[in-house]
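Have a look at this one.
Which chain is which? They are A, B, C, D and E, in the order written, and residues in each are numbered from 1.
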Amino acid sequence: MSVLQALDIGLASLVFAVATWTIFAPGAFAATVGYVVYGLLLALVWIRLFAVDVALTEAAIGSGVTGVLLIGAAARLRTAGTAGDEKPLSGLSRLFVAVLCVLVALALAGVVLLLPDQGPSLAQQSMQALPETGLGNPVTAVLIAYRAFDTMLEKVVLVLAVVGVWSLAADKYWGGAPGEARAASPEPTLAFLAQILAPLGILVGIHVFWVGADEPGGAFQGGAILAAMWIIVMMARLTEAPQTNAFWLRVALVAGSLVFLAAGVAGAIFAGSFFAYPPGFAKPVILFIEAFMVLSIAVTLPMLVAGPPRREPRQ
Amino acid sequence: MTVDSSAIAATAGGSLLPLAILVPALGVLLSFLIGGRRAEWIALGLMPLEFAVAVAIACLVWRSGQPLVYTLAGYAPPLGIALRADGFSAVMLLTAGLIAPAAALYARTNFATPPETEKRAPLVFWTLLQGIHAALSLVFLGGDLFNLYVGLELLTFAAVPLGSLDGRPETVAAALRYLLFALFGSVFYLLGVALLYGAYGTLDIALLAPLVRPEPAVWLAAGLITAGLLAKTALFPLHLWLPPAHANAPAAASAVLSGLVVKGSFFLVVRLWFDVLAALPGVIPGTILAGLGSAAILFGSVLALRQARLKLLIAYSTVAQIGYLFMMFPLASGPWAADAFSGGVMQAISHAFAKAAMFLSAGLVAESLGHDRIAGLDGAARAMPVTFLALGLGGLSLMGLPPSGGFVAKWLLMKASIASGQWLWAIVMAAGGLLAGGYLYRVLAPALSGESPALKKAPARSRESIALALALVALLLAFAPPSFFAFLQIGRPAAGLALQ
Amino acid sequence: MAEFLLATAGVILFTVAVGLVRILGGPGDADRLMAAQLIGTGGIGALLLISAATGAHGVEDVALGLALLAAFASAAFVNSAAPAEAPDSADGR
Amino acid sequence: MTSATLAGLVGAALVGLGLYGLIANPQPLRKILAFNLMGSGVFLVFGIVARKGAGAGLQADPVPQAMVITGIVVAFAASALAVALVLRLFEAAGRATLNPDGWTEPPGDGAGAE
Amino acid sequence: MSLLVDLFSIVAIGAGVFFFLAGTVGLLRFPDALSRLHALTKADNLGLGLVVLGLLPRSESLLAALKLVAIWALVQLAGATAAQLVGRAVRRKGTAA
């Protein structure tokens, strides 16, 4: 057991050190790379907490796709030369903020230490209700059955985020594609990478979604891996970003939440309660909803990374 | 430890509660999907239905004298999620159900879409307006703290982009600052939620309330959640984001942001301290909240006095009026508790109507004169009397002069603070009323005198009447019958609080 | 055996940590991106060893996901740095 | 249970670090990074709550895990919106800074906002 | 049998760790970015390959073993392309970009 403890302590210090670097690094780009490194280490921590579903999500979204988003932004802003523009806090207020943050962290650490070793839990109830959902993975059951309402609304949050990002376009570009028009010649190495990665990644994404019913995985994680594949294909310029006024794109963006919402209303009619599943048919209905959620996530995340439309729409 | 089973069992008519959230959510999805002009039609078409649902919920709560409860997905809490409507929720739903359509009708001129095309600002506006409506319904009805977190995020994502629709650097910066404050608030809120779950294994408000005991985890959670919500409510000193974000948004959006959106997170502060944490001794936290509120009243009013632009003045007056909302907290126990609660709620509602009316009027002023500089308002009231009438009537409520909802609110709060011997709050509120009179005088006095200026275009009669109607609602709240205040108490564990 | 696997995971994490100290600080962006690459390889190695030692279930998929995304930081950098050479015009409205 | 407690302490430290970065770091992009760091600290607190709720044959309570998954997706969406705002600000003002003095194009009428 | 498997794992994984160490030493010793890049990617990928090799006989199923191999192949690919991409970026901008 002691080796494991030593490893845990080492991992924890590494996470803390990289996080500190991310906050205090001299440049924005260095900090951003620090964050990517940090995200990957966090996936290890989640494994150590036996939360494999979360580790998958963290690896795909927290580290991978967020990393692309932030590194892209940092690389673009590197020319901004913001260093001289900002009024940094004065030494005294910096100290005050630091003391405040240390106090918050200490209070939190104290409370965390005080939490009972065997805390209250819904594990028992989750497992008891599991058979009627037809699922084997309780985390998926929480997301898609017990707390389906949360998950559906969270999909609506993603739709609003897309609307918000697109709202930053210039008027003349509304309906056009995101990203600048680029040179026709793609980076050959990147294209090569994308050509190999994409088919494999699609397989993995679908696999992760499919096993999610019973094993760690699910619609979020599978969708995020598929999203990453579309992102790399677009980065390699093997395909252009779609026009934001394309009807198929809108359909794909709202499909997950719309199907989920419709199923929720159907539950009120056929199963006696909003977002309830008809007894005996729970699993097929769940997989049906999840399939559309995968589609929506796989399309939404790349569109969020791509940013607002920056090209005039083609008629 | 024992929970009244009625708190988690669904009640008849409870299925209206998810509809109040799902109808506007459906509107968001369909507006974005179909796009173009249809976004506007969907928004306007669904609003009567949403209002009807709100009225039906209020009627059912009224008739039964009990909160409505609905358990989603057939799983009772703690595993599942419950929605609950008490008197306070029903009143807030009705308020949102009236102000959102008013803002929408007003906005038709600014966000019209030419046939067969889709334009950026209209599509974003109509989609996000419905998003705000869905989010507020969820915030008012949610019975689960994590579900409410999702509601808060919906609210943030719907509200932030409305402020930066014109794309000028200062509006984008304002939206970014708003987003950063809101995200800070979300993280703190979520952290508190994590601690509560760690302590008690449930996030359902009704189940949590009897379990909560004054212990470190709960105190820290309470502090974190409150701080997070205050950042979203823009209570002093976390108000920095509000004036630029609200003052630079299109008038219809400002009305919704200032009138309704900040009330969403305020509503949750009330939920937290009155329903979840009723078992905690509330004197010190209540005093802190009211102290910040007092600072907000004085600071916001003084800054409002110094603004050069009408919309910024109104936005700073929001900072001040938010302060009044928090006066109810130190007064929430004792025989005066019901008065204090009624006063706080009345302030939330009357400010919502009055502020919406004022922002819509200010929008008309800016459109008609081509600017909203206070120095250039000379004689403007002669050129557009109805607009300034709405502005003035709204101002009545802000000052707390009778007859207005603001008067009733401030009078109830003052009565409670004097009855409880906490006269300091009464003095601050009186001073705030005087300062409000001062900043309104700055606008109205020059507007009422001098030559009537040449208007770029006269405000449309229909849009003026929308603003006036809202101001009149704020006025009519003064005549709320005692049964209205009894209605607000439905579902309050008020007896319990009063006995603490 | 589990101890051995964990110890090797620890050694790999240690080498990664030493490497990070060297390159996260730069001097160039290329060095920093190497840090992302280094942690990708080392982290996946440590992940596999830890999961083999503790018997956590379904970890291969996490490693697979990380492996799929291992080159993304570099790709995003190259992708976003490229247009900077031809500065995009600040568009008016 | 050491690993869970350790993760909780790291979570607490991350919240403190992130909070500091969010307040004290003037660059918007760094603030977004700090927000993400703080968010993941909160998720870790959920993680130890889940781990301490192990039972019924599960090594961690699934309910907080599901909440973290929802939270990660929402945090990503928030970062995307924030990054889009920063980049838009960069385009419109020539600088990605919240401080209007740094903008190269003269701001319009509402410059006195803050 | 189990002993043999353990021995195989120990040897392979031990060798893998050695290459990770070697990669880091290269990282510390080489003077310029490009040679550091190549030292690092080569050594680390070999290290990971050996670790995977050592873990192969311990995997639960054929699918799990297949995944292990795929992981190694993907990291190999990522390392090679990242070295190319970053290397070119370095050459384009001069060493200290």
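By definition in this document, contacts are C-beta pairs under 8 Å (C-beta built on N, C-alpha and C of every residue); 3 or more make two chains touch, one makes a residue touch a chain.
Just so it is clear, the model here is predicted, and its values are computed rather than measured.
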Smallest number of contact steps required from chain A to reach chain C: 1
Central chain of the complex, centres being mean CA coordinates: D
By number of C-beta contact pairs, the top two chains: A-D
Computed distance of Cα centres, chain B from chain A, in Å: 31
Approximate Å spacing (C-alpha centroids) for the pair chain C, chain D: 20
Where chain B and chain C are represented by their mean Cα positions, the distance between them in whole Å: 45
Length of the line joining the C-alpha centres of chain B and chain E, rounded to whole Å: 56
Multi-chain contact sites of chain D, meaning residues that touch two or more partners: 15, 18, 45, 48-49, 52-53, 63, 67, 70, 74, 77-78, 81, 85-86, 88, 92
Multi-chain contact residues (two or more partners), chain B: 79, 146, 150, 153, 157, 160-161, 164, 167, 172, 191, 195, 198, 201
Multi-chain contact residues (two or more partners), chain A: 4, 48, 50, 73, 76, 108, 115, 119-122, 126, 146-147, 150, 154, 157, 161, 164, 168, 170-171, 187, 190, 193, 197, 200
Chain A partner contacts - residues on chain C that touch it in the complex: 3, 6-7, 9-10, 13-14, 16-17, 20, 24-26, 29, 32-33, 35-36, 39-40, 43, 46-47, 50-51, 53-54, 56-59, 61-62, 64-66, 68-69, 71-73, 75-84, 87-88, 91-93
Chain A to chain B touching residues, read off their complex: 107-108, 110-111, 114-115, 119-122, 125-126, 129, 145-150, 153-154, 156-157, 159-164, 166-171, 174-175, 245, 250-251, 253-254, 257-258, 261, 264-265, 267-268, 271-277
Chain A - residues contacting chain D, complex: 4-5, 8-9, 12, 15-16, 19-20, 22-23, 28, 31-32, 35, 38-39, 42, 45-46, 48-51, 53-54, 57-58, 61-62, 65-66, 69-70, 73-74, 76-77, 80-82, 84-89, 94, 97-98, 100-102, 104-106, 108-109, 112-113, 115-124, 126-128, 138-139, 141-143, 146-147, 150-151, 154, 157-158, 161, 164-165, 168, 218, 220, 297, 301, 304-305, 307-308
Residues of chain E defined as touching chain C within the complex: 6, 9-10, 13-14, 16-17, 20-21, 23-24, 27-28, 33, 36-37, 40-41, 44-45, 47-48, 51-52, 55, 58, 64, 67-68, 70-72, 74-75, 77-79, 81-83, 85-90, 95-97
Residues of chain A that touch chain C when the two form their complex: 3-4, 6-7, 10-11, 14, 17-18, 21, 25, 29-30, 33-34, 36-37, 40-41, 43-44, 47-48, 50, 52, 55-56, 59-60, 63-64, 67-68, 71-73, 75-76, 78-79, 170-173, 180, 182, 187, 190, 193, 197, 200-201, 204, 207-208, 211, 215-217, 221, 225, 228-229, 231-232, 235-236, 310
